[in-house]
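When the chains are written out, they are named A, B, C and D in that same order, and each has its own residue count from 1.
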Amino acid sequence: MSIVAGCDVGSLATKAVVMERRRVLAAVVVRSGPKPGASARDALDQALAQCGRSAGDVSYCVGTGYGREKIAFVNETLSEISCHAKGARFLVPSARSVIDIGGQDCKVIKLDANGGLVKFVTNDKCASGTGRFLEVMAKVMHLPVDRLGELSLQARDPVTLASMCTVWAQADIIKHINARRPAEEICAGINTAMANRVAMLANALRLENDICMTGGVAKNKGVVHALARILGQRIKEVKTLDPQLVGALGAALLAAEQAGKVNRKELPP
Amino acid sequence: MRPELKEYPLDQLFARTFQLARKAGRATPKEQALLLKSVPYVSGLLEPMLALGAPAITFLGMLADYYTDLIHAKEQGKKVVMTTFCFDPTIFYAFDNLVPVTLEVGTVITSILWKRGAYDFMDFCTEVGFSETGCSSQRGTMGAYLAGAGVNIDMVAVNMGGICDTNSNAYSFAAQYLGKPFYGLDYPAELTPDAVRDYHHQDYRALIRFLETHGGGRFDIDRLRSLLEEKQIQDELTNEIEELQRLVPNPVPGIYHLLMYAGRYTCSGSPTFTRMLREMLEVVRVNALSGAAGLGRPEKCRAFLFYIDNFSFNVGMFDWLARNQVSHMGSMLSRFFPDNAPYRREVPGTCYTIDTRGLDSMIDTLADINARMPMTRTVRGPYDAPNMWLEDSLSLAKIFNAECCIYNGTPGCRNTWSNVKLIMRDLEKHGYPTHLVYADAFDGRVESWETTAMRLDEFFKIRGLL
Amino acid sequence: MITAGVDIGSTTAKTVILQDRAILAAAVIPARLDPVASAREVMDLGLQKAGVRQADLQRIVGTGYGQQQIPFAARLESEITCHARGAFFHHPAARTLIDIGGQDAKVIKMDARGKVVQYSYNDKCASGTGRFLEIMAEALGVGLEQMGAAGRTCVERLSISNQCVIFAETEVVSLINEEKAVGDILNALFRAMAHRVASQVRSLTVEADVLLTGGVAKNIGLFEALGQSLGVTLQTPSELDPQLNGALGAALLGQEG
Amino acid sequence: MTALLSQAAQSIDLEPLRAFKAAGGRLVGYTCTFLPVEVFHAAGLVPVRLRGIGAESLNIADAYYGPFVCTFPKALLQQVGTHHYAFLDGAVITGGCDGMRRLNECWRKLGADIPGVLPPWFHYFDVPHKPEGVALSWYQDQVRKLIDAVQNAFGVRIDEEALGRAIRQQNRVRQKLWDLAELRCRRPAPISGSEAFEALIARNVLPPDRYLDELDRLLATVQNRAVPSSDRRRRLFVTGSICDDLALVQQIEAAGAVVVGESVCYGLRNTCALVDESGDPVAALSAHYLSGSVCPRMFGYYAERRATITERIRQTGAQGVVLQNIRFCDLHGSENGLLERDLEQLGVPTLRIEKEYGALTETGRLRMRIEAFLEQLEA
């Protein structure tokens, strides 16, 4: 039976999803190495191994993410915007808005009732709306990045970060550390700063419900909650799949569509 | 923008806050405490204001009237003109049906009085398309008017680009966004040539026609004359205060600058403003006679702020200077250049004269005044050209015996950030230790006050000023 | 007289212990989350190396970002003052001092007596700091100690232009994706950062000797790129770890009462 | 395609300029489309519009300009400071926007620090911020002053006849540029946006005679070019900040689109009408150059600009609009915000991007957005 694959080579993580008839067979996240082609290969191989298939079984593969041009084995590449939109709609069919926060940017996508792309904005101004911001801050806090979210949920009185700039926000954080503010309050401050930045983008598009969040940062509950609070709108969580994988999932779904077209063309009438 | 901000129109909030503050100013301490509790949103900054005594209380009352007029404008059949701080509002008051609203003053109030500052309004502007890197001083209240959380604006009249692009740009954006008529007074890059004066005068007449056309009101000569006569008195009072400011120690409290220019931007020509200046002069005279510094402490150093002097969401800059015994010798915002100012000798041939003999002379006067508003005069041409930023800074620093210069502004200001490094070099060459503040005078998110204060500390200490 | 200078920076904590004007011992440790702990730890290490007890110290002078948190400092001095003092000690001919630490770059102009004439910090949106290099080292998977030598020369001349640290990293990622050589990317990074710092120095006018201190001075690739960008031969202390300059200055100020 | 046009778009150092200079000709740099270049043509000088292309770092410029300033004037200053404009005999600064206006001071101070980078003749041309009323006579005065200054500085005479000749020549250029624009309106377009944009940029930097020849050659080639019967490429229109950034157009086209028109400072926008060839040339030039609302520095004329842009979008059959601005360019940045709102209301999809000037832009993320925009248009 032929399968399809989606591969998302991000700045920080490389993701691969293998599907069969709109069902996820395997999904893998690996840290992006210096060679995107190799990271992609690695992620896909791991995914194939997970479901006991081989590369030869893949009938169509779509690549996305920053390193997409370097993936040797894909049939086609598409932007992350299309892939995240596709993936999000699959998981949350009612989604009209997708907020994807990855390592180096944040994208807010608006969809029509059929899931068609209506408009999107990305942050090109300042790095403080990106996952990298969180990583840098986590490092200053001597914490792993996946702890920022849960810690911040315990905060009672979050600190405010004066500076929106990643570089200068660090100085702020060090100031708060020096002032002996508890770690959870600082984490909450970091997540709120992030959410504020993203909210500005989101508000510019006047998002409609349902809103769905994807990308690695969607795993940070602190950011998700803060964002929902600031937007005054509920954010539907992606529950059935790791949100970081949504881009790769979308790529796989698009691969399935393409494979369908190709197959139909090839079949004799 | 938080939904609750749209519930209460911004100007109504201002009006109510200042009305209460005026009451509080006249009340006994106990009543005062009770009243202050009922002022919405306020972060406790009214108290130190009230502690300043008579002039501050008059100031609060003046703003109460200003915003009360604004919120009642529509029911009285008046038109609201959105305008900028570097635009003398007298002309609006000379019409029988115009009420001005100056955005920058609103931004200062919002950012000082409200705990969360003006961020929501600023961000709202970005959300509807205005560029985020633009000046924060307009955005801080413009957001409210764009969002419909303020009175409806009927037209926009401002000073034009080339003085400050980002300023005019904000207003033209607002006009376009709201679909309202727009007029900008334009200024050549020089100040004194006859051709330039002519330009000012003709352009100003076109402005008046614009106001007539779009306001539909009557331009009242007698009213204009009495406004100008009142302005004359106000200039004289201001001059006297500034003359006394030359004394060592300087008897003028730093925060007076803020009250003086905010008053001038909003209520120029009004008797209340005159009263405030009188009350100030009284305090200053008493200080001067007793040799006391306006700081309330012995004066150790005198600083000239060669751009803006306030810092977002607190009166930090004024406060810091006072606490560290540094006299505030004025900023670019508090200079207007009437022909009888104490610094006129330093800047010959560049001041305005109030001439009330006839309609034409009065209009020319207004045009001349407007051409010398803060920034409109100073940053219109190359900073090192005659009568421009460097010369003005040097002459003012000199006449007021300043010992150092401080730049504080906003990253939105292309105009000054394009040459502030150069002017700093020159001021240093002239012997003035010069410090550049990288903060935003209206947006505390750019650099925290603590950082700004730390850098100020360092500057005064290392340069041997304190 | 024995004195100590303690410099709690954003990245590292440093101490120098002086007996009169001779260095008894020095120590550098990575900054801990808790600045009090950093101060304690680096002090203890310094004392141990010097073979003296804290009670033997006549005066401890604190400086750096975390100076407020040094529980045992008798006096606090700004980084500018300390760095200028340190530089004047080991290099009296220096008129311009550039100190690049983890969080900021400082340029200090001094007169012949070592007095600070003018100084500046890096602008907003600055990629001219040590943190920039740390982030890049991580993105490229090279150690901080190795990166300097690795990017000293280039085969292919690449360019990195973004002023923002984070976005510059994006450019680095693109270059990695294009499978450019790590040495060439590093070299481009050093040039980019050197240009940022050079423009900051130029705003104050450059006067020789120009001295480079701070942790970043140990990065030979950057050291050379900055010298080239400024068109001068940079100096750096030969006997002393340049990262210790601030702590040394603090200790000296302690000697002077 | 002509090699010279392509070169002119991508380099400051050009053979025809070198040849002109070697033969004793003199070159004057200028910064803004509000300057009537005919004055220089009439004087036998070649005006060269200044650009920052090729600047990969701003290490010199940043010592003069502050941090919160658009990278266009900075890149320009950088190229000046690295002697790329050493060939200039003069320069005219125009207060386009505040950042450009301050090039005046920054350049002069740079000249004091680095010998040889300040041309012997340095002039400020003061353009009002509105196109009518008293501003018009002011502008005329400025033109007259400019003529005087050029005559004095270069020992030349600029008479009505020479001005008239120059005007007629530039009108020919304008007409041909419109021919080119019309070709781009054809479906499919016989000429790529990059090729056309090269020609538009080259106009600002080549000696006019040489330019006319090249333009004729280009038009002839394109007119005779065989085009495929169908074209799946999306048609895009580019507007916003000052832009002589060929790479941007190339990048858009590499993603599979074709740029069919633009309204940017080095493009067509100021070329729409012809200069009146009868009557007083100074008055005619003034009326032309100060007319209307080509640039958002003319505050309060947004509606006119929007009308022009939407009309051109209609003519070119563009299916989407790229609204670009350089960071810290608030004039175009916020106008793009208005255009975004208004164009989308008209059903024209837009992509709004903020970037640095030219080579200083990080292209990876930009590419993703352009591709995503095209995918959006496909759907």
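We adopt the following convention: a residue touches a chain if its C-beta (ideal position, glycine included) is under 8 Å from a C-beta of that chain, and two chains touch if they have at least 3 such contacts.
Values in this document were obtained by computation on a predicted structure and should not be read as measured data.
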| Chain whose average C-alpha position is farthest from chain B's own | A
| task | Using the touch rule from the top, work out which pair, A-C or B-D, shares more C-beta pairs. | result | B-D
| message | Please tell me the distance, in whole Å, between the geometric centres of chain B and chain D computed from their C-alpha atoms. | response | 38
| How big is the gap, in whole Å, between where the Cα atoms of chain C centre and where those of chain D centre? | 44
| task | Indicate the whole-number Å distance between the mean C-alpha point of chain B and the mean C-alpha point of chain C. | result | 42
| remark: So chain D residues touching two or more other chains come to 63-64, 66-68, 327, 364-365
| query | Where in chain C do residues touch two or more other chains at once? | reply | 123-125, 167, 170, 173-174, 177, 203
| remark: Each of the following residues of chain A touches two or more other chains, namely 66, 104, 125, 168, 171
| request: Indicate which of the five shapes (line, ring, star, complete, other) describes how the chains touch one another. | output: complete
| remark: Contacts from chain B onto chain D in the complex sit at residues 128-131, 133-135, 160-162, 164-166, 168-173, 175-177, 182-184, 186, 188-190, 195, 198-199, 202-203, 206, 382-384, 411-422, 425
| said: List the residues on chain A that touch chain B in their complex, please. | reply: 125, 161-164, 168, 171-172, 175, 196, 200, 203-204, 232
| query | Hey, which residues of chain A end up touching chain D in the complex? | reply | 66, 78-82, 104-105, 116-122, 124-125
| Given the complex with chain D, which residues does chain C contribute to the contact? | 123-125, 159, 161-163, 167, 170-171, 173-174, 177, 191-192, 194-196, 198-203, 229
| remark: chain C partner, complex, touching residues on chain B are 411, 421, 425, 428, 433, 438, 446-447, 455, 457-458, 461-463
